[in-house]
Each structure stands twice: as C-alpha cells, then as structure tokens.
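Okay, so chain A shows up in both of these, paired with chain B first and chain C after.
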Partner chain A sequence: MLRSWTIGLLTACALAGPALAQATKDTLIVDLPGDVATMDPHVQWDTESYSVYRNIFDNLVTRDTAGKIVPQVATAWRYTDPTTIVFDLRTDITFSDGSKLTPADVVFSIKRITNPAFRSPQLSQFDQIIAADVTGPAQVTLRTKSPYPVLLAQLVKLSIVPQAVVEKLGDQAFNQQVLGSGPYVLKSWQRGVASTLEANPGYWRGATPFKTVTFRAVPDIATRIADVRTGRADITRGLSPDDTAPLKNERNLQVLSVATERVTHLFLNPAIGPTRDKRVRQAIAHAIDRDAIIAALMLGFPKRADVMLTEAAFGWVGDVPFWPYDPARAKALVKEAGAEGAEIPFLTSPAYDRRVNEAVQQMLGEVGLKVSFVMVDQPTFLRRRQGTPEEALNMAQGRWSCACQDADGVIFPLFRTGSQWAKFSNAEFDTAVDAARVTLDEKERLTHYRRAFTILRDEVAAVPLFQDAAIYLARRELKWTPTPNEAFFVFDMKWVP
Partner chain B sequence: MIRLLAGRLLQAAVASFGVLTIVFFVMRLSGDPTLLLVPEGASAEQVAQLRAALGFDRPLVVQYAAYLGDLLRLDLGESLVQRAPVAGIVGERIPYTLALAGGALLVALGIGIPAGILMAVHRGGLLERALAALVLAGQSLPTFWSGILLILFFGVYLGWLPTSGADSPASLIMPAIALGALTMSTFARMARISVLDELSRDYVTAARARGLSVWAAVSRHVLRNAAIPVVTIAALEIGNLLAGAVIVETVFAWPGIGQLAIQSIQARDFLVVQTVVLFVSSVYIAMNLLADLAYAAIDPRIRGRS
Partner chain C sequence: MRGVSPGMALILLLLVAFIVAALAAPWIAPFDPLRQSLLMRLRPPGTTVAAGMYLLGTDDLGRDLLSRVLHGARASIAVAALSVSISLAFGTLLGLLAGWFRGWVAIAIMRSVDTMLSIPAILLAVLTVAVLGPSFLNLILVLGLTRWPRYTRVAYAQTLQVATLPYIRAAEMAGAGSARILWRHILPNIAGPLMVVATSEFGLMILFEAGLSFLGLGIQPPYPSWGSIMSVGRQYVERAWWLTVFPGACLFVLVLCVNLFGDWLRDRVDPRSQGR
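Moving on to the complex of A and B:
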C-alpha cells in the first residue's frame, strides 16, 4: 500500500514538472487574488471579474496606454447638442460565434445595463443615459438627462454583448457561457478554481499574443508569489511594497508597478468635535509627514498626492500645493485652538493599511492630538462613513477611485453638500463642482476644478496622502506596461524569451 | 437502537435549524451587501434602488420567512453576487473539501495513531522523545505559517510539489499535511494515553505473565479497548478539519468550501454563507451521530445500556 502510494505520488510529481514547463510557451497563467464573480460584464465589476471579462468583450470606447479615450467599437463621435451624442461604429466586427456586431447590439447593451429590473450594480455609472437609438446602419445616438461631460469616461466600462445570444440563453445562462467580440473566447470556467480563455482567431485587431490564458484564483499573496517564482504562474497582482523586498535579487522575475488613479487620503469631519475648528484641521495637515510615510512604510512605491485626484484623471491641477509638513506650526495651531490633548476618534476597517493609520496617530500625538481608533468591518465602515457626521467620527482613511478618471467622480460625491459621503459643506465649492458637471467645455471645467481644489485645500476638507501603487510580479519574459486604471488587457502583453 | 437513532436525528434537525437561524440573523446584523456592490460614488437614491431590487429593504422577519419557505421547497436560492444557483456554487466545492479532509484524516490517522502507540510502548525512551517533538510541532505550528513553510521548502526550494491549486494528485499532499498536523497530534496524544492506560491494567500483566510479548498484547487486547476514546475524538476532529480547511484552502488556493465561505462572508453573499454553514453543521452533527453509533458497536456495555 505504502509503496504504491509513494510510486503514485512520485509519478504525479514527475508529470507535473514538464507539463508546467511546456504550458508557458502558448499559455499565459495569471494568478488573481480571487475568483471571477460574474463573467457577464453587465453585472459585477470587481477587479477580478473585470480582469477576466474585459479580455472577452470589446467596448464602445477604450483608453490607450497613455490613458487617452480612443475608439474601439466606435470609430468617431460628436455632440449634436449638449445632451445628444452620435457614435459612428465599425462594421467589420464579429462576435466569436461569427455573427456581426451591429448598432442594435450596442443599443441593447446600453438598455440592458440601465434597466433597473436587471439590477446591475453598475447602474449608477450609466443612469445619466436616458435614450439609446439606432440612427443609421453603423450609427447609434445617445441622449443624457443633462449635459454630462463624464459620459465617454463611463462608456470606457461598457462592454458590448450580443443581443441574439443573450436573449436566446437568458441572463443566467449567458453569465455561464459568455460570448463577445473581444480578443479571447471563454473556453471553461470552473468556479473558484480557474477560468480559461482561448484566442479568438478572427479578432479584428489582429493576432493575440497567447493562444490560451488561464486565470487562477489564489487568495494568499505568499502563495501567489511562490507560484510566479516556480513558474507555475506568469504574473500576479496585489503585492504590497513589503512583498517586493525579498524579490529584488530574483533574476527570473520582475516587479511592475504603476501609480493608480486611487488616492489614499484622510477624511476630516468639519461638522463635529475638535475637527470643526479649521485650525485643528490645518494642524493635522501640517503634522503629517507624507514623504516619510511613503518612504518608510510604502518603500517609495506610491506617489505623493497634493490634491484629491491624480494626474491620470481629468480635472487634476498641479498648481495647488498642499500644506507643508511643519510640526512646529501644527503645535502652535493646536495650542491656538485650545485643542491640546483633544481626542480624535478615527473610524477604520481591516481594508485600510493599519500602519499608515498608526503613523498618523503617532504624528498627531507629537503635536498634541490624541487619535483613538474605532475598528469595524468594511460594510459597517461604509455605512457609518456615509451616515450622519456623528457616525462617521472625526477622521477616517479613504482610498477613493471612481474608475472614471474624472474629478466629477471623486470630489463631487466626497465633498458636495448633500452627497451621502460629504460632511463638508461650502457654497462656493458646490457652485464650482455643479458648474463643472454640466458643461462640455474642458477648459471651463478645469477652471472650476482649480477653484474647487483650492477651496478643499484652504478649508482642509481632507488630507491627500498618496496615489496608490498597483504592484505586479511577473516572469522576466513578460513585457507589459500596467496602466493607472488597473486594466488587465492580455492583448497588450508580449512574451519575449 | 432505532429509538436512539430517531431521537438523535430529531436532535440533529433541531440543531441544524438553530444554526441556520443564528447565521441568518448574525450575518444581517452588520448590514447588507448593497454598499459593497455599488460604485463608491453611487448616490443614496441609487443605493436605495439596488437595495430594494435585491429585496433587502423588507423587514428581517419577512426575509427570514421567505428563506425558510424556499428551503422547505429545497430551493437554496441564487447568489446575489454571482447570479447563479447557490446549490451549484456550493456543490462544486464540496468534493474538494471532502478530498482535503480525507487526505488530512489519512495523514492524521496514518501518522498519529502509530506514533501514539509507539510513544506508549517505548515510554521514557529516545523514540518517545523524538515522536513527542513531532507531535508538539504539529500541535503548535499555526497552519497559515506551516503551510507557507511547506510551500517554500517543497514547492519553491526543492521544486517537488506544486505550490498551489488542485490540478494534480500531488497538489493534495501539502494541504493535507498542513491540515492534518493538528489532528495528527491530537490522535497521537489520545492513542498514547489510552494505550498507556490499558497497558497498566491487570489483564495485560496477566497476558505478559503468560509469555505474550508487549506487541502481541497490544495488538491482540489493548488496541480494541484503547480505541473507544480515539473513535469519539476522530468523529469530532472531522468537524474540526472542515473548520481548519478555511485557512488551509486559502493558503494553498484549494477550491473547497472553506475558501468559498471566506469569499462569501467578505462579499456578504448571504445565501452562499448560509448554505456552507448548513453543510458544515450537518456534517458535524452527522459525525457526532456516527461516533455515538460506532461507540455502541465497539463497546458492548454501551450497546446494552442504550
């Protein structure tokens, strides 16, 4: 018994070795931290699902590697009035079952995701669209509730699904066996284990770099790193800066990183307690040594953020510098406000970097403010942070991304009076962000956002800390440049032995 | 015996119902998943709209009644995150967890019992000390750490075993060892104590006086008597193996229900969590029932009493 068991195991090990070595020639193996929630691109949009299904579908428009919105299914677009936009479409795109991608499919996709009965969690990104019509053999026209400058940025996330197939299969079956016009075709999806995509041989943008791509769900980062080190996987994501330190001398590996559109910041509540006093908020801004946090805790990976937006997004302004690190000034301000020894309750959840919170606690302690943490689970955190000013407490860490790369998706929900996140209220700020929301003139929008960011800085509505870094570990042969929106297009990768 | 069985089955049903009810309400105490599903910038109205569409705006009691009604019709519902039937989602994972628990039990029994017996028979010797060190290691190393050590040594350094996944028989070896280590130690300690206890009894002294060797006495007389507490522990340990699988499955990317439970709890995918808990508690209850029955089968005194 023991002998046959041993022989069986040794054989299995021996077989596993060469199979892996060969697999990397045509097959790209990607370790993701989790499983795909849905393959249907109109349902979930978590990073894992997004990383996989975006390779199966084409979108109306997309972003190039520099972040510019460029044509994909649409070849060109023009506004006929501030609420009406006309898209000209390609006529040479086919879905992987051979059927043609038509304007009717585009309209169907928009109506499907915006239909409240479909219950798409993504609805809020598209609900400004009130009409979508086929207006020519290769043309669709969309109408929005009001002039909506973020429309194109939102459409970057809208995948085009084949109307005939979805209607024939029904939503649940389509989710199991999705079919699109993208570079890859879903071959198999074993929930919780892996999804395998195969190259779409007739893809209109040309040949794909790998015949097969397998996405595996590997939750533990140490295991994902071990997978890439042994060649069991070719690339993985979700490394922390600390994870990269022991990998520096590995000749077969490379660490890829990019500053994302996500800004880690400290929310300050101007509606309650000690932070109601602007001098206390200013003191907090002066007390935090952001460069030290980036260098010591983040090993230099993230980029310092001066405003609550990154260069990757529209509306970013580079000429509104934040308050400098000046602990002496911070101490003086705390004293002036009579807040020495004041208690600052800080709301947090395990989703936020504890070390950053503790560094902030220490830095504020040094200028005379006493931070105390209130740790809750993430859904409770979100509920309280969006609740009353008392529930939200005086401080919290935030890591905001609207996935739309536009200031409107960041500072409007966070600071506009009446938004459920906003505890800050400033009429001048409201006027600026309202005006920027209803004009299509980019220059004018930028002027409004410059004003808005200046007010946020002067009133210290938040302390922007840094632009989060997305860190990937890949085999040395993989050539790829990650992008700030954390898109994972296999089509843009190459294998160079 | 039939009355005993019927009574235990009724107890099991009540216990399952209790577990279900507790999980249903505890999961909902800290809120529903709507906020985790929508984009961060969604307005309060948009959040409320999705909450209503998902049915979380109804009173908890109404949701509970609807859930029980579906359950009576054997409808486990649809995952609100994955938009697929829960029965399928959980069902696909069960074979993996059973394979892992089976492998771990094999490690635990295969190493733990012989180690325990050897420790008892060689009490005070070098072999006992060496085995005691092994048992202590199995008992004290947390699985999330021992798992990573195994991966680094056998997967990365030696390259003998796959570092993650479940795509070959070899993939089972490390997770089974990591998961089985603690149970192995429990078995070893229990077997040692039971065998030592039996070895000090008069019937063993009598057998030895008749000229029987220690090993003959152990194999012919002691093991059967020493087995009773070990069988009870074994049944309970299967439940612990399912619980321990949560960590091991995460470390080794083993796609069982433990990993599914973690993902579903994080995503607040209520129906999936409830079904996983229903399954694990049923197994736990069934194992206890089996232990009682096995106990009766091994020990005639218990059979007589029941």
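Moving on to the complex of A and C:
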C-alpha cells in the first residue's frame, strides 16, 4: 500500500517535472524545408526567407487574422486624390540598435525596393509607386502611376529598414547583419544550416512569446516530421495531406492547416494544337473530376476552386460556377471537335504534384485525349511557361499566388494579353481587368472581375482545381492560427503547456 | 543440364521465371497497370474488391502493385537487354579493331576507353538524360553508349592474344581479309569472356535503370518501372511499406541471380578454371 503510494507520488513528480520546465519555454525551434535565400527583406521573397526575416522587421501595414488590412507602422491612411495616399506613422518605434524609426526610413525603404538599379525580385509588386515623400514629422505621402487599388495589399509586404544602417553597411553587408524594428533580432545565420533570432527586449507591441527562435533547414519531410514528433523541433511546414494520415492519433502533436491564397489550376493553351479548339478545352473541363482529386488524393484538405482565384483574395466571386464533371459530355465534345486520340503535350517539373498530373492524364484518357508529359527542371519550366505558346505546350499545372490577396495579382499576369504568362487573349477580358486595375471603387472592381471570371470560364482559359492548403505540424502546446498568405509571425504564437 | 548444381538450377529457374513473367506481363497481370482508382489508394496487400484481389496492394493512385511490378520487370529487362546489346556490339567492334590493327588505331581507341572509364558512368547518364530529355529510347542509348569501354578492353586484350595464334597466321596467308578474319576466326574465339562481361553488365544495367527511374530520369509516368515505383514508395514508407519492399525485393533477387549466373558462366568459359 505504502509502496504503491510512493510510486504514485514519484510518478506525479516525474510528470510534473517536464511540465513545469515547459511552462516558460525559452526557445522555439522551427524546421523549414530550406535555408533563407536572403535576410535582406527587399531582395528574395520565397516562403523560407519570408518565414524568417519578417520576424525581424515591421511592415507599413499588416493583416489581422481575419485577413483585414490593419495598421502597423502606419496608424492611418487616406487618399487625397485617386493617385495620392497619405500615411500617418507611429512615432514610438525604435530599431533594435536604439535609433528611432522615422518617416525618412519609410521613404528610404520604398525608394530602395522600387529603385530599378537595386533589381529587387519584388519590384513588380511595388513598381506602381512613382513617388514617396516625407510630408510631416510623422507622415509620408505616396503617389502611384494611376489609381492603384492593390497598393495597400502590396504594402503589407513592405518591411521598413533603417536608412542609416543600410547606408553605412552597404547592401551586401546589410544582408549579413540585418537590423530592423521587429519583435526579433538576428543573432546568427549559418548558411544552409540554421538561423537564430533573439527577442527584441524593447519591442513596441509588447513582450515576445519566446526568448530565442531557431530556424533550421531540413529538406527531407520525413526528417522534419520525425523532429517534431520527438520534440527536437516545435513546428514545421510543407506537409502533404498524405503525410498527415499517420499523425492523427499522436496526442502530443497537432496538424494545423489553412486554405491559402494559392490556386492550383490547369493551364490550357488556346494558341496552339488541339487546345485551340474551344470544344476540346471545354471537354477537358468536363472530364476532370475535381471533387475526386480533392477527396481521394488530397484527403479533403484543399477547397474546390470554381474561379481562378481563392476566397482569401479580393475580387473573388461565388456566383460563376465552373463546368461540372460530365465525362459523357466531354466525350461528345471531343468527338464533335474531331480530336479523338489527340495528343496533348503537358509541361511539368518536379515542383508540381505528380499524382494530380497522373490523375488528370487518366481522366482525359477516359474521354479520348492522350496526355503526354514533358518533364523539365523548374527553371526551364518557368522559362518555357513564360515563353512562346509553342514552348509552353498545351497544358501545365500551375500553383499561383501573388501574396497580395487580390485578383489583380492573379488573373492579370496569367491571362491579360501581352503579360508574361498569358497565352490567352480576349479583348473583352482585357478591358475588364484593365478597368479593375485603375479604379479604387470596390463595388465597381468586383463587377469587372465578375465579368472577367465569366469570360475565363466560358472560354475555358484554365481549369481551376482547388485552393491549396498549407499544412503545418506542431507540438500540441503551440497555439497559433496560420493565415492564408502563409505568413509566419512568431509574435502571434503562444506556448500553452 | 549436365554439370549444373541444384543451386544453379534454382537460379536458372528464377531467371527463366523473371523473363517469362516480363514477356507475359500483359496476359498474367491481374489488372491494367495504368488503371487508377483514386478511392482505392494505398491499400495493403490482399485487399479484395469486386474486380479481384490486390495481391501486393495498391499504389498512391490506386493502381495494382502486382501488375505494375510485372510490367516493371518488362521495362527493366528490356532496357538492360537492349542497352547491353548496344554496348556489347559497339565495344566489341572497337576492341577488335584496336587489337587487330594496333598502332595509332589502338592508341586512339584505347585512350578514349581510358577517358570514358574515368568519367563516373551514373553521372554521365544523369547529365545526358537531363540534356536529351527522359524517354525510353534515350535511356537505352545513354546506358548503351556509356558502358562500351569494358567490352572494348576485354575484346582488345583477347584479340591481341588470339591474333598471334598460328591459325590466324594461316588464314592470313590463305588470303583472308581483315574483316573475314575478325568475324570468322577471332570473334568466335573471344566470345566467351565477352559474354561473361555482358552478364555482369546486365545486372548492373538493371540497377542503373532503377536508379535513373528513381531519380525521375528513366521510364516516365504513368508507365511503371521498379525504380520509379520505389521512388514513389519512398514518400510512403511509413504508410505503405509494400510499395518499396516488393519492387526492391524483385530487383535484389533478379540482380543476384544474374550475377551468380555470370560467375557460373565465367567458371565455364575461363580456360584456367576448366579442369578438362
């Protein structure tokens, strides 16, 4: 009796031990699929770099968990005319070296990223801004080429860098020793291995949830999962729906997922070969059982997309239904077009889900179209997809995100005549997206986009498949809600043992 | 089969079984290897449906693994046989020429052999496929045209040896031309060692094909190959062990049999191990 009581007490102590130790968690360990490309927030903007450096900087504006654009460095903004917008700024923000964040830093950041000579890969996100000026002790004014409704959505991604530090160090050295006003400070960056951030003690938005955050580059997904499972890491990203199946019953883990703004679709080339015939494109639309792909291959994680945009973006309309799955109709259309047995070359790279491609191949095979894959590496894929219609082939998978949550960043580059990715050309569509680009009136924009999506649907310029899900695996204690723009703000996380 | 041990008999039987299975795959496979059934993904071996039983389970698109492994055997054996034939023919021809004409011909040929042998074959194959683009034909050409130097070396050494023998001299004096002597008198006499090399190369080619397909540079989807099945299975090791285990086991057994057969063949043709 006494014996068992002692054992019980010991067990209780043993159980309480680690729980107490975890009550104040000092270090958060994050496993990312790769290393940061640049720490300089005005250079690369891949998911890995984004996940790390955005914790070091503040942005002019940001999005709340509901996706609404809310103040961060700017407290308020107003349009004085359709091309001029005035921002009032906070005055209580300091960079981690103690210097004040001033309107001059904001103007410097905008001028830096929009300077063509700086050659930022993000330039196209900001190049509508033609002027930025300090117009008061806590005020900056931006001017855009034309009325530009996406400006605020783009500014969500604008990190404010300290002018004095960047000018003193130069761009090269700044990338190594970045310094911002954000909740964390870069402590070390071991290229290809890991980067470590430390809490910024005087952060203006309050105390940070962890003293230290370590981001490690772990390319293999099985290793990343094992790391979280054994507690060597606290959170990782980049899981496929299949990866989650064996994790369901693990009590110490949680699978977090969110429908992102990324729309997975099938590009159809209306400029060459059998897909020139609208009936063939329509047949392809009818032949693909999107619900089966989502339910069986994706285990229900993504949401079906009916237009070439996700609900997370402005411009989305719910009343333009896509062609239904109807293989009999598809077969009849293929026959009508005289395209039975036609070969459809499909450009792809290892970056795209092979299973979705193969499922599409089978579904099109069933209605009499022969898909043949042309596998190339990702840089070649991107080059050819942007190249001539002949280089782009008849079909390809796409997973588009503009990280701006606006239709302008999606259907404009993909389908507007003359833009980088477009092989589709339709005057009426062009008029609609051009008009939506230069008006600030949201209602009017939506009307234009509804028109644009209807044309895309009727002409079958692409087959929207689904709204991608971003899937994270975390320890149970981590409380965090992932967002559609795949931002990874450690400041928003919490550790609740 | 006189002089064949029971172990060897088993190996020969297995080899024949593999070849028959590969040739007869379209008739003996229980399902269409390309037929997907998205609702039957990753089912374990023995799952029964109305259409029959998935004896080895299904893959990540709900295709029958047994049918895919059988058709994969076809790909493996066809690629190995064709690429070995190409490199055997090409390599032997060069070796014969070098050994017969000697002088600058031999220098040119044998230096290029040395050059080829100093390049890692798998790297060369990966590069070539990456440039030419992956296809069945390119795969065979790449494997065939990177592996000829081994045959050239053997053919060269053997030709040098045989060329000095009296019956070759006699044929020369009887007025036979170089081509006739090489074809009728030398080739049959050096064929044995070349076959031994070809056999061991055959096993290696099967492994190369699997390796390249594993890397996505070999047989292209949806057509099955052991390498590509295992490459897919790697993502599902925890959930669906059968995807890697069965094609892996087939690969292991087939290559082992081929290699043991090669050893046995070597013992039979090598004059030093012939007791008679």
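Rule of thumb we're sticking to: the second predicted complex is superposed on the first by the 473 of 497 C-alpha atoms of A that agree within 3 Å, B and C clash if a C-alpha of one lies under 4 Å from a C-alpha of the other, contacts with A are read in each partner's own complex, and residues count from 1 in each chain.
We take it that contacts are C-beta pairs under 8 Å (C-beta built on N, C-alpha and C of every residue); 3 or more make two chains touch, one makes a residue touch a chain.
Quick caveat: nothing in here was measured; it's all calculated off a predicted structure.
In the superposition on chain A, no contact is made by A:V70 with either chain B or chain C. Looking at the shared chain after the overlay, A:A222 reaches both chain B and chain C. Applying the stated contact rule after C-alpha superposition, one finds that A:Q362 touches chain C and leaves chain B untouched. Contact with chain B, but none with chain C, is seen for A:A37 once the two complexes are overlaid on the shared chain.
When the two complexes are overlaid, the chain among chain B and chain C that reaches more residues of chain A is B. In the superposition on chain A, contact of A:I130 is made with neither chain B nor chain C. Once chain A of one complex is fitted onto chain A of the other, the partner contacts of A:V438 are absent, as it touches neither chain B nor chain C. Legend: residue contacts after superposition of the two complexes on their common chain; A:A207 is shown touching neither chain B nor chain C. In the superposition on the C-alpha atoms of chain A, the part of chain A touched by chain B in one complex and by chain C in the other spans residues 222, 376-377.
Touching chain C in their complex are the following residues of chain A: 221-222, 240, 242, 245-246, 292-293, 296-297, 350, 354-355, 357-359, 361-362, 373-377. Residues 30-33, 35-44, 46-47, 49-50, 53-54, 78, 81-84, 89, 92-93, 148, 151-152, 155-156, 159-166, 168-170, 173, 250-253, 255, 259-260, 262-263, 266-268 of chain B are the ones that touch chain A when the two sit in their complex. Taken together, the chain A residues at the contact with chain B in this complex read 8-9, 12-13, 15-17, 20, 31, 34-35, 37-38, 40, 43-45, 116-117, 119, 121-125, 127, 171-172, 175-176, 190-194, 216-220, 222-224, 226-227, 229-230, 232, 376-380, 382-383, 386, 400-403, 409-410, 412-413, 419-420. Contacts from chain C toward chain A in the complex involve residues 34-36, 38-39, 41-42, 60-62, 130, 133-134, 216, 220-222, 232, 235-239.
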